[in-house]
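One chain, subunit A, appears in both complexes that follow, with subunit B as partner in the first and subunit C in the second.
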Partner chain A sequence: MNKATSPTDWKGQAMQSRIARRYASERRFKLFGLAAVLISGAFLAFLLITMVGNGARGFTYTHVAVPIDFKEMPLSIDTNRLGDDDADQMIANAGLADIVAFASEEALGSDAASLISENAWKEVRTAIKDDPQLLNGRHNFDLPTSSAVDIAAKTGAKSDVSATVQQLKSEGKLSTGIHWPFFRNADATDPAVAGIWGALKGSVLTILLAFIIAFPTGVLAALYLEEYAPKNRWTDLIEVSINNLAAVPSIIFGLLALAVFINWFGLCQASPLVGGLTLALMTMPVIVIAARNAIKAVPPSIRDAALGVGASPVQVVFHHVLPLALPGILTGTIIGMARALGETAPLLLIGMRAFIGDVPGGLCSPSTVLPMQIFLWSDEVDRGFVEKTSAAIIVLLFVLLSMNALAIYLRNKFEKRW
Partner chain B sequence: MTFNAAALLILIAGLALIGWLVGRARSTLLARRAGTKLHSRPQYHGWYVALWLFAPATLFLALWVSISPAMVTNEVLESPAAQSLSAVGFERAAILSDARAVAQGKQQMVRMEKAAPLVQPYQQASRKYALIGVIAMFALALAGGLYAFTRIQPHFRARSRVEKIVMGALVLASLIAILTTFGIVLSLLFESIRFFRLVSPAELLFGTTWNPQSGAAVKDTFGGIPLFWGTVLIGAIIAMIVAIPIGMMTAVYLTQYAAPAVRKWVKPCLEILAGVPTVVYGYFAALTVAPALREFAVMLGISNASTESALAAGIVMGVMIIPFVSSMADDSINAVPQSMRDGSLALGATPNETIRQVLIPAALPGVMGGILLAVSRAIGETMIVVMAAGLSANLTANPFASVTTVTAQIVKLLTGDQEFDSAKTLAAFALGLVLFTVTLLLNIVALRIVKKYREAYE
Partner chain C sequence: MSDIIAPELKIIDPKMTAHNVNVFYGEKQAIKNVSIDVGTDLVTAFIGPSGCGKSTFLRSLNRMNDTVAGARVEGEIKLEGEDIYAPSMDVVQLRARVGMVFQKPNPFPKSIYDNVGYGPRIHGLAPSKADMDVIVERALTRAGLWDEVKDRLGESGTALSGGQQQRLCIARAIAVDPEVILMDEPCSALDPIATAKIEELIHDLRGKFAIVIVTHNMQQAARVSQRTAFFHLGTLVEYDKTTDIFTNPKQERTKDYITGRYG
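On to the complex of A and B.
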């Protein structure tokens, strides 16, 4: 029998080719793994680059310089009343819109109405309220352009207005700069004046309320379950329901809120109050689970030592266990809050998708939240809203990523290995 | 005057703070006067007074806020101006709410003429009840505070009292989870039963036509099969085809091959993927992925490709699930004892043979549990499908066609302008019940598998 062809001979050809095959498969497998990591990374990069690429333009807007001579076209208003609440109404009634329309027609030609935003006169109004002296003479105002002109000026894309835009550009009348109304205003139908401040404030109110409710209850529930609860059917039931609530689809919480908070209790629809309550119910199980893990990580020796020097069980928990577990609890809470901040589905069902043109005043006034604003704008027909949507997404992602970064920082700084 | 609950709450909290200081000072004073030691430290006496001051008054406030509007309405209905109101419930409610909005200053003018005479009684009644409420609340707070104050003695066991209250609060907080679960189950069941009186459950579960007409419950329009199929196609098939291989391979690579430095950077990046809000994924799917897929389909010669496709929603949802699958697989692989891995390597197996033939089979129950959880998350996902999958209920296996899901239909049914009691809105709750039941079962099974598997290696 020829030894060289024995299947177990290390140097034999069959063995060598088998080993080569196995090593090749090893390399292939490793490559698949790397490819999987790269695919997920590429998707993340693609998503972020698309959003930033589209959205960066959303923070700027194009203005056109239009001279308005208030000596020729006087605005007959009482300048002493500009500080009053109804000053806006007063200026509107005095016909400022017509003056601005007329002045822009003089400056830009007969199709001026299609070049400037229909809300351009409101910027003039704000300027007059800030400085009534403007009314005494001729001044250049930078008026927001219509969204078609804005897009043509920023992207250079071909459209009906690109010829005019080229001409205005060569005359040096167009300027593109950071668009503050985007951060100052609430939603509007005109991309020139639509902003995220209303939605942002709604989000802040909603999340604050959710935090105020969910954090204490979540932590207290976790303390009870982890430190005091006797093992019986009741505590099992509590445990099972918390674990399941954490995995229930968010839209179910929207149905609950609609049925209980709005139809049964009759709380104010589409308000941060109901939104906050809904998100609180949704985040509480997440906080409980995170808090229980943090509490579990505190070593029993600390409890024993405190009990040994005569502390009562409540003192042990509130003086020793809770402070030691707090960094872990906070990390979990921040992550849960970040998730609640990005949540849209349950809020759709409680009516927060309505168009809200005002900044919400309080917990019971109708409002919207940032993710909802993104959803609403993504449905808009006007092309100007595409970049606004991406800009809003950038703001939302920035807030969420900062929250997550804070959570990771807290975890790394205060995490103790016992 | 309206009833400003937040301001009152702050006021009561301020009173409680004063009560705390007074209680603390009083206990020290009494102890010094009697020349004995206190049973409990002074701040417990303070807490005792503060809690007695705060808790009854706040409970009363909560009660009053919820019942006083009904009492105000009753009072208004008894006033002479309300005697001419029509008996039709709907019109009557509209007039009353109109008058209430004006009385509370939410509205400048009445919208309906008949509401005008009611504004005055409304204002009077709400002022009266607000006054009663405020006075009663303060009386309660003071009574509670005084009661606690008189009980302060050097030998009074304030600490045990306070601790009993704290324990009560802990139990109460953990009961909220049960209350929420019951709330979900009851509200879904209650509305679903009303729906099933109009449409039989069998039709919802096995009917093949989904085309709800507004208002009336027309027969054969509430067949849920197209929705269930769409949900399964997007959430359980396409998304999992994307998420399972990529998630698993990522976990394998990161746990078995990657250098610690790579792992340290890649894991947080994956967590970012999990932290992106679903509305952003939805926008991305609708704006970028769906048009690209449509062009691809047209290139392949599929003419009826739609801009809203199951594939776009499914792929993006799969990407969303990747970090979830990956971290579940990561945990399960790490839980396999090192000795099994070492044994396999020692026998001469290459790392990939060890992974495929030892680690993954050993980790399989945990991985399966993780995948079930991922499926339950995918079928409950709403925004991506609302924005990218469309709303037309097609019973098709073509991934380039537009399909709809249970969650998308719930949103569609509840965001129109219909009466709350119509068959359409009730159908949303019935769909919600189906969704809740399915995800609950998936979760229970998955958690049980994961738990059992963990015990096997501990």
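On to the complex of A and C.
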């Protein structure tokens, strides 16, 4: 009797060791998986902790109390014109900056100029515009400090100004509060007045425009290709092209946009309009692919059922196929939009990396976007921008997480239970 | 032998007539020269082994084959004397007049009410909500489902049992008041009790609609139909009264099939 014909020995030594080996490999695989999850979790935790640790300080700012007496140093302006468009210019021309500088020197000593932010007078200007009565007397203003003082006060790090900061602290003149200009202003060279709102608004406008263009076009293209297009060599070619477009590096879309939208069409440079068009180009193939897969996943029996009661092809698509495919389409779209939101490279080429000191007013005004703002601030020399960079990253991550949460919500809302 | 044309069976008052129909899928010919009349007040069963073309022929009766890429129909199929492949025929309306029930129950993932109301809604048969309520109730009653679902019309049609889903699909088909109902193996996914209910329903619907049913199950054909057509390899081998087909088949191949020699 040879080996092959003898009955299988289920209890033998060889079988036992095979079982042991199988168990060991299962355990090993589970362990590797767990290790992978733990490592990525650790990286994520590290990222979040450093970001929040640095970034939280970016949302606050140190102020110093300075009394200004407008009776002694009158600001000769026409208070009736404070609502005008040129009110800012009028106040600046009246010499408010000098008054504030003088008052701070009186209060803080001769080195006040290095303690107070050079833009501090703009805070006073805003206060005056809100309440012209301030001009009639003596008031304490909380002026933003220079970024050196701000860092020394917040971190306690040793620097040229630490001694002064210690003294001001003990006198109770320093206070730390939420840095409202950060949420109100656009970029600036001075971290005391630099804000994220310009970039945030630029991002929102850009992404909204990209969505408004890419979503309907992408979904309609997918519907046409899946439901109407004949299956022939041309549609195969289109399919291959779309798949390739989705894989094209984003900077190439930037070059294309520069050549077509700016040089040829002459659209406004560095604007959310061109940015949105560029990101729409980049996102559309992703949406087409996601939508086609979602449409393919709709069971053919539903199409048959609708056709069987006499629904026209358009009715089949809009009453049945699209609603059933919508959760998948939305998930793919929002992942594509989230990628577009974090995109920097194509926007570099259309001029959105320029320093923009104003909050964009509309689709055609110069603007930047959140990731570009992060890049610009990370390049700044002033140490105050380190915190601002982290704060901007937190804002960007917050927007991304909100978009993903929206994706999950929409998917659950539209998902049909079978 | 494969070109035998079945002896013409005279149907008085036919609802649909097919004459020399050929169906091709690309190069492959699935139906060869089939001529058959479907009676108005009769249940007609198509039987035959798998792949014999009976479903293909059924689907060409309401032009569902149009949706299959490469499918081509030659010959003449008439509904009430109107050529359904004529350019003047509106295929959407045709499919409402010739309703269809599929092999696998396929209710829409919508409420029971919306499932039944969908057809009447898209064809504008119910101008008001009250009209729609009447249509839905009538269709569900005719499909023998009203008593089971009248208290939960808002529930999803997919939440019903398999047999109930299939009766819902029948209700959906009859809600648009068709002239013919095509049933493509409507019981093959159902258990014997649900099957019995569907067969009972077919009995009840006879006379109100012309019914054509494709089935694998010869007992079912014998139970529900008055006329039976036996298809083999894309040809119509024999078409006769159901009792004659099962007791006294004229063709050798029919006899072999119904006695279980092949199939």
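By our rule, the second predicted complex is superposed on the first by the 376 of 418 C-alpha atoms of A that agree within 3 Å, B and C clash if a C-alpha of one lies under 4 Å from a C-alpha of the other, contacts with A are read in each partner's own complex, and residues count from 1 in each chain.
Methods note: a contact is a pair of C-beta atoms (placed from the backbone, for glycine too) under 8 Å apart; a residue touches a chain by one contact, two chains touch by 3 or more.
As the structure is a computational prediction, the values presented were derived from the model and not from experiment.
Q: Could you look at A:51 and tell me whether it touches subunit B, subunit C, both or neither (first, second, both, neither)?
A: first
Q: Quick check on the superposed pair: does A:25 touch subunit B, subunit C, both, or neither? Answer first, second, both or neither.
A: First partner only.
Q: Would you sort A:304 into first (subunit B), second (subunit C), both or neither based on which partner it touches?
A: second
Q: Which chain, subunit B or subunit C, is in touch with more residues of subunit A?
A: B
Q: Look at A:87 in the shared chain and tell me whether it touches subunit B only, subunit C only, both, or neither; answer first, second, both or neither.
A: neither
Q: Once the structures are superposed on A, label A:406 by its partner contacts, choosing first (subunit B), second (subunit C), both or neither.
A: neither
Q: Considering only touches as defined above, state whether A:312 meets subunit B (first), subunit C (second), both or neither.
A: The answer is both, since A:312 touches subunit B and subunit C.
Q: Pick out the shared contact residues on subunit A: the ones touching subunit B in one complex and subunit C in the other.
A: Dual-contact residues (subunit A): 312.
Q: Applying the document's contact rule, which stretches of subunit A touch subunit C when the two form their complex?
A: On the subunit A side, the touching residues are 230-231, 299, 301-312, 315, 319-320, 324, 416-418.
Q: Contact residues on subunit B for subunit A in the complex?
A: 6, 66, 69, 159-160, 163, 166-167, 169-178, 180-181, 183-184, 187-188, 190-191, 245-250, 252-254, 256-258, 266, 268-273, 275-280, 282-284, 286-288, 319, 322-323, 326, 350-353, 355-356, 373, 376-377, 379-383, 386-387, 407, 410-411, 414-415, 420, 428-429, 432, 435-436, 439-440, 443-444, 447
Q: Taking the complex as given, what residues does subunit A use to touch subunit B?
A: Listed in rising order, the residues are 22-23, 25-26, 29-30, 32-37, 39-41, 43-44, 47, 50-51, 216-218, 220-221, 223-225, 228-229, 237-238, 241-245, 247-253, 255-256, 258-260, 263, 265-266, 281, 284-285, 288, 312-314, 318, 335, 338-339, 341-345, 348-349, 353, 363, 371-372, 374-375, 378, 386, 389, 393, 396-397, 400-401, 404, 408.
Q: What part of subunit C is in contact with subunit A in the complex they form?
A: It is residues 62, 64, 67, 69, 92-97, 99-102, 104, 106-109, 118-119, 122-123, 156, 158, 169, 172-173, 175-176 of subunit C that touch subunit A.
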